[in-house]
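Once you've had a glance at the structure underneath, I'll fire off some questions.
Per-chain numbering from 1; labels A, B, C, D, E and F assigned in written order.
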């Protein structure tokens, strides 16, 4: 059990992990990796417009969003979904909240982490989340933070795809073929009942990224097929034994 | 024989391939890959100060530089060294020169290519070479260029380490452990008799990059050992089946 | 009354709105738009050197700065001047302060907003203000923030001209002809009695920007005349029906 | 007739104007503007893989590509299609070729111009074309170039959408609603028989850009509908009389 | 005494000032300048792995780190070492902490300041420190902050060399020859007993920077000798009477 | 005589050296430095609109521009004005032209060089000139280029102020006080009879830069006076013995 590799997704709002890296989650889950997803908030205030228009209360909105997130997580094969329920618009973490995240990072010991783009003028919760992810990754590496716990190594932090990529200064360097798990991602997206308009939007994103995958894996001279893909930007360099 | 994978280095001057990616060459050669090195010039005018101070003629300088490049190539296990002898300071390629390079790229069918940084205010030959590498890579992919030849796929172009990296806007994203072939790289460097002062300089570069390798592969919590490394910047995104 | 369009300026210190977008304010006021100006502080500590040299108390400085801001606002035709009096050097907003700003944004329902550059190593209050403007704009758009209030659409955020533009990484993409209201802007500037040295400075800025306006509207082949202009950088893309 | 406004598209290869700004062309044509399209090459070598696989000769490929471009232009309502036939992969313009382009720019007197992104490591023809567009725009403005001709004013140069936008450092600042002319753009795309795989790709691009259009024109709080859009990056600032 | 010039180093952790600008400190101390060093924390949690592995307590770690910092400061000729003891991983300053730093800046009246790079995804304490340095520099310049105190002029803020420079977007513009004080810097480094592996690492950094110094001071045509150097990035422009 | 220090200005068009670095020229001339100015063209086609409107011939325009440049050079105390007369809009240098420039650089042995910004979408001659300056600087450093001649050291290349600085991505790092020679610069500007509208424009530039000089040399707490200044961006790092 201990030897299973794991990954950690840090999602500002309940649905981000679905649209932005649902394929990566499902794919690595299928490969036998334990994928933990942290939703720092439910996106209850800022990303649940339909529910508010229906006259729901805050508690109702949160409950519905939680249920959707759980359904999506189940569809993707998420090992553990941890909803921190810290509020959104704005999302703000106290030092205790950060300590909780650090503890989780150490517990998970992720081989890699996933979070938001570093800049997003439309959504300051997103860039704040990545800032927090970097800070907590650093703390988790500190031998003097909760001495005795297992410290963290140096996992890659992949930044998943934001909305309107060019406005965020986000540049993907890694395209992942998610064709084998596409049905899982689509199912997870369809669990998000309040954002129906995004189902097709992110299906098209996956199709476009598959086109890019093929261009970069060989193009018209041998590029292998790929029908759905996700794209990521790496924060840290890779260490390799061959180019 | 055909199934052996190959790589292609495009070096502006005779010695660049030694300092900047000698380890990558030796490592992949040891792995059974055929590595071809193109030296567009000998660096005869601009990078042979010692020889000119000795009063050598142009032909002598070129002959000495060629011999050094051949010795270095031998030390590294280079499969093929192709000296285009196009002149340096400035290096300029005619359309015929570019066609020659395109033909070579197609012949080699590299799994990946290596060349200079995209910006270098100290050395315009370097940035020109990368511009040419991109142009010729594109032409090699064109079905209508010399129809009937095997077109090129979409090999990565790695930009090897320039001198004074920060001034070039070069940011490495890939660190390669070259410890297993370090002796080969050092031997190749020592073949460059005219640039003795660079032997230790690039030895230190390799040691610093090994430190970075370890930081990025796990740091003080499990980073594996590495004594010598080289660093590279990728121009194109990677396509992967797992993060 | 409801159908009048409105704009919102978020100014870190009392005088910023005058120097940096006084022309835009006066121009749109003349066009019948209601322009609201928020001064988060009076710039009492950091931008009132002359008054402190005269030995004024904090309360006196604030009163004088308020009076100057009111006079300038009157000269420009500002619809509403709201002085939040939050302190400066450093400026810091609590969550309650931000909620107050969100409420104001929603009340104003601006067609566009104006604030500072995103980077300013000389004046961290300035970049903090823009960060706050983006955060509060986002919250004002959230259906779940104070449900029942009218949510915000997607107004442009223009970044007005900072001092020493190149050091701030600020790049204007919009030049506004303020010739018709120049006298108003000059009068507003002259209301700032403590910063006499800036009257001519910002007059010259307006003249230089007018030169740029002409260059970009047709140059020597038909560029129309313009004697005073202001420049702005847009954070968000425009949506248009014709190029 | 003289008072009709005009626009100019400078396209490296025959099909670029279709995928990248076909909507803008059709829309402005419908508005009564004369849109001229220059195809510097047919994309005969580099963007006609299917034809070469069929064993066509160079002349056949060019003829087919020309016919496709003409059909697409007709579908879009292009006023004038000018095929310079300068060759591709690589595209290279002599001084005479540039003079020809300058003459055309002056003849057209475009209110705005359209061309490629400024950086494209996949396709050096694209970035070369934009470099040429800037150079020829400058020459067309020179009173001493062919004195007596009407000099050019200062038209905006819009950079249309490249493939894999993030890799090109292209950031759109203007979204154009092309819903009214979508059928024309789709018809023009379908005229490109050799690139069937791109029809749906660029249909999805238009749908995604429509989503972005709506986000930026008001979002969930009043963003008007838009089903198809194109995106552009401006090289030069705008000059306006109102924000 | 009053006329002695002074400099101020703001170091996030106890050892940063040694590795990153120990040569600058020793050099200016030898020139008769009073150099004050502020260590905002001891780096007790995040940069003392060896001590924690030995089972030390927090107080022990801090005491050891303090002693090391004092020994290093003595070796460098530091005029005053001020350990703020604010904690690390993460480092966080209250308004009172910042006021303390502002008071110190005013007391020192530095001719120039030194701190960390503006970006560091590995270590958020570093970039936070520079943000604080800019904020406190601004406050120290404010006539209304603690009126009566001597306000600060406009000292340069030099950003000293981070680890893995290219990942931090740090670009040096100033190379300082520290050969005359090299032995002092080496001695100071050797005072940091917990980070023995960095002694040689930063010795190599100094050797590489000396190579860069020579390249930029004349190269092979007259570049003067330099055996050890440090590199810095300036935040603000210089004001000069000659180029 | 040989020991006099020298500087070299490389100006694309005849007037650039006046507007952009006339103060630097006059100041260093007064200090006893020999300043050589190269005008690669007269700006006869692109920057002489008034003369063409008057119906002048090309030869007349060139003669007038030459005379103006000579008068301006005399006013500034230029040691040597070398008009290469290579044509403008576009400016293009053959290899022989570049060799001529290299020979001049070597003859001058400048302590520093001055040229245009590295990017200028309005004027491709400007950015081409800087590219040529870098290339020729490199060739002049090559021991194998015209062996026997004195090779060049490593002079700084300062980029002088372009029009519309922010559009060029130009960021000044050095402000030079030109107050002592202001009358000379103004006189030189007034020698440019065809560009009267720029006299006041560049006077205002000098006044604004003086304001920036003061801000950066001490601000309101001791910044010394300065009435006229010029600003420059350095391409290469400085090498110093003290910060």
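FYI, contacts are C-beta pairs under 8 Å (C-beta built on N, C-alpha and C of every residue); 3 or more make two chains touch, one makes a residue touch a chain.
Molecules present, by chain and UniProt name: A, B, C, D, E, F = GlcNAc-PI de-N-acetylase.
What you are looking at is a predicted structure, and each value in this text was computed from that prediction instead of being measured.
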| item | value |
| --- | --- |
| Chain pair with more C-beta contacts, C-D versus A-E | C-D |
| From chain F, the most remote chain by mean C-alpha position | A |
| Cα superposition of chain B on its sequence copy chain F - rotation in ° rounded to nearest 5 | 120 |
| Computed distance of Cα centres, chain F from chain D, in Å | 37 |
| Whole-Å gap separating chain D and chain E, where each centre is the average of the chain's CA atoms | 52 |
| Set of chain D residues in contact with two or more other chains | 49, 122, 141, 143, 167, 172, 212, 215, 220, 236-237 |
| Overall pattern in which the protein chains touch one another (line/ring/star/complete/other) | other |
| Touch relationships between chains, expressed as pairs | A-B, A-C, A-D, A-E, B-D, B-E, B-F, C-D, C-E, C-F, D-F, E-F |
| Complex contacts: residues of chain D adjacent to chain B | 44-46, 48-49, 51-53, 58, 61, 88-90, 92, 121-125, 167 |
| Residue numbers on chain B that touch chain E, as the complex places them | 49, 122, 163-167, 169-172, 201, 204-205, 207-208, 211-212, 215, 220 |
| Chain F contact footprint on chain E (complex, rising order) | 7, 24, 27-28, 31, 112, 141, 143, 150-154, 156, 158, 172-177, 212-213, 215-223, 226, 231-232, 234, 236-243 |
| Contact footprint of chain E on chain A as seen in their complex | 95, 98, 131, 134-135, 138-139, 141-145, 147, 157, 235-237 |
